[in-house]
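Heads up, the next two complexes both have subunit A, just with different partners, subunit B and then subunit C.
Right after this comes the complex of A and B.
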């Protein structure tokens, strides 16, 4: 299965996903509460050290953070032009911290570990009648069908190209929708026929 | 949550991921190209209705957060929701729900105009309602500047709402899902 996380194991891979999410949540909230520039520098230092300590591939990381980096640079430039260089530093330091820690988490955590973490996080929802096992099954179903849908898009685009309709979004989306919904109906019947009880 | 709810949400989330494969459409006179993937919000609400549409977007965003590179350009990860534009990404979930809610209300007299209103309120109104204050607060630029900066995307989003409306109306004729 294709995913952003690295194939090789780093020390951060061995840290449980829940712990990494907790660190991200705490650090992400804390960095927005501090104003002191030395404290902000500490957060940025920590956020830079984490991906470095795991030897994350620079090129792949840059690809993930590029749009956010451009936006952060533009926001910093805006604040400098408005004559508030201190706001520029605070805003870019906070956003850089959060983005770097988040990308580190994504590169060092398998999707399966994250899905498990989501299932655990969904446990308290039992009170509202939401079964965490159903949450896990729904996510697994979606992951399973992504390659199927990718293939379907390729197939439909080929067929519409033959009709000279490759540039027409609606000519691709309509058959894609109908076939997906048909597939969903069959799948729901198949699950029901096996006696899966969702209630 | 019934088996059908789960299956429709899961397959529609996968479909939204697949929409990311379609090339960007550059519309003459628009500052930013339109991407087919963001059409997913309006399609989810417009085709599946409120509950299943909102669930589909929730599943899609959960997969992105879990680290699948599903967003256009092969991006993903939890950072998408924490950056300056995180509010827009999160807004897709209630956006699909609200678009679907209006589609259900308009169902018996669904035409291009009512479907367009539903898509625009959910897919643009709700999404910006979360995205703009988030951007303003996180980037410390204030509501007005955040709103002004987001205006560049409005024309493209209106075209998407029109496309979403056309699809919602055609789907009602060929494969109606509401009330199913």
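Right after this comes the complex of A and C.
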């Protein structure tokens, strides 16, 4: 996750993060507003063209989109079984567009650049008392800690399995909660120690 | 110089440090003690992460409770578990985090990140996601992220606890080579042989304060008197 591809620096790597985020937001919203199948095909074509034009490593992209592809296939199959093939096509096209564009964004953009862009975009929120820097920090922490939490869940599940508690949800959730809160506490100390000023 | 002036630290009814007074001009200071003896609290007081209930902690004359911002520029802190202190997903982004907080120009941030990556032979890892690093690499990243801010003092809270022997040696060498004053809280006594001064904590008090040969023998006897 969030492994930037630098095997070949392409035009898409050089596009500012803010522009790419804007394109993702606009295309992601627009694809849900159209029903015409030719327009939907156009969106999918655009979304496929992006990673290809950025020379992204195909294997890594497929690995990223594989779980979403299964979900899309399941949704499409459901609509086909329900006798709604057109809806199946529309749903698949919409989700495929958004996922491919999002994956392309993460493969061609540094997280720090995305965070900087979001901080700029969040500046108008200052009037509502929302600090853009905090929005950016929250986002980067969320991205950073997704794999850490996955690893933590794996570690706890393994420990509980060793104690014969596999399948016991409480035995996983409780230690996960305690360790996540402790981690959050330590992280707050670490951020303060590195000169972050919440004010 | 680090000064503790009649420092008491309480958490509710629990007294964790009890009237500690010390002056520490040395460049290599170690802190040992049993679990719950107050040594981690002692370390956190140095960086202003917590303020004493009574008394004062001063670093080069600055009061850690009153001059928190200046103290955090002066005193870096490396925590036990690097996973809990890495903020950004990529190595070079995380190293730059503290410098961005100082609002330094981009060119200076880039130059300082390059320099610290080169210093610890981590150039090849600069684009690597932090979660894919080994334990030793993560601890070196945590150390780099602190050192890039060029503090005068670096506090280490059990920096080698989670590491294998090779990475322990790597971190030990990095600490030994630091030009800064290092204060190391550790259970890894081999790490502390070359230090100038060792404080032994027990029950919130400094029960021995001497050179490593004397203080570490005292600590070993205190912890296992029958062995």
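FYI, the second predicted complex is superposed on the first by the 122 of 199 C-alpha atoms of A that agree within 3 Å, B and C clash if a C-alpha of one lies under 4 Å from a C-alpha of the other, contacts with A are read in each partner's own complex, and residues count from 1 in each chain.
Everything that follows uses one rule, which is that a contact is a pair of C-beta atoms (placed from the backbone, for glycine too) under 8 Å apart; a residue touches a chain by one contact, two chains touch by 3 or more.
The shown structure was predicted, so the numbers you read here are calculated from the model rather than taken from an experiment.
> So, A:49: does it touch subunit B (first), subunit C (second), both, or neither?
neither
> Once the structures are superposed on A, label A:183 by its partner contacts, choosing first (subunit B), second (subunit C), both or neither.
After superposing on A, A:183 lies in contact with both subunit B and subunit C.
> So in the superposed three-chain picture, is A:62 touching just subunit B, just subunit C, both, or none of them (first/second/both/neither)?
neither
> Between subunit B and subunit C, point out the one touching more subunit A residues.
Ranking subunit B and subunit C by residues of subunit A touched puts B first.
> Using the touch definition from the top, say if A:26 reaches subunit B (first), subunit C (second), both or neither.
A:26 sits against neither subunit B nor subunit C.
> Does subunit B (first) or subunit C (second) touch A:195, or do both, or does neither?
Once the two structures are laid over each other on A, A:195 reaches subunit C alone.
> Which partner does A:111 reach: the first (subunit B), the second (subunit C), both, or neither?
both
> In the overlay, answer first, second, both or neither for which of subunit B and subunit C A:153 touches.
first
> Check the residue A:121 against both partner chains and state whether it touches subunit B (first), subunit C (second), both, or neither.
Neither: A:121 stays clear of subunit B and subunit C.
> Of the two partner chains, subunit B (first) and subunit C (second), which one does A:143 touch, if any: first, second, both, or neither?
both
> Intersection of subunit A residues contacting subunit B with those contacting subunit C?
Common to the two interfaces on subunit A: residues 2-4, 110-111, 137, 141, 143, 148, 183, 187, 191-192, 196.
> For a test of understanding, state which residues of subunit A touch subunit B in their complex under the given definition.
Residues 2-5, 21, 24, 28, 32, 63-65, 67-68, 71-72, 75, 78-79, 87, 90-91, 94-95, 98-99, 102-103, 105-107, 109-111, 114-115, 118, 130-131, 134, 137-139, 141-143, 145-146, 148-150, 152-154, 157, 167, 169-170, 172-174, 176-178, 180-184, 187-188, 191-192, 196, 198-199 of subunit A touch subunit B in their complex.
> If you look only at subunit A, which of its residues touch subunit C in the complex?
1-4, 6, 110-112, 137, 140-141, 143-144, 147-148, 151, 183, 186-187, 189-197
> Of all residues in subunit B, which touch subunit A in the complex?
1-15, 17-19, 21-22, 25, 36, 39, 43, 47, 55, 59-60, 62-63, 65-70, 73-79, 82-85, 138-141, 145, 163, 166-167, 170-171, 174-175, 177
> Write out the stretch or stretches of subunit C touching subunit A in their complex.
44, 47, 49, 69, 72-73, 76-77, 79, 81, 83-90, 93, 96-98, 101-102, 127, 129-131, 145-146, 149
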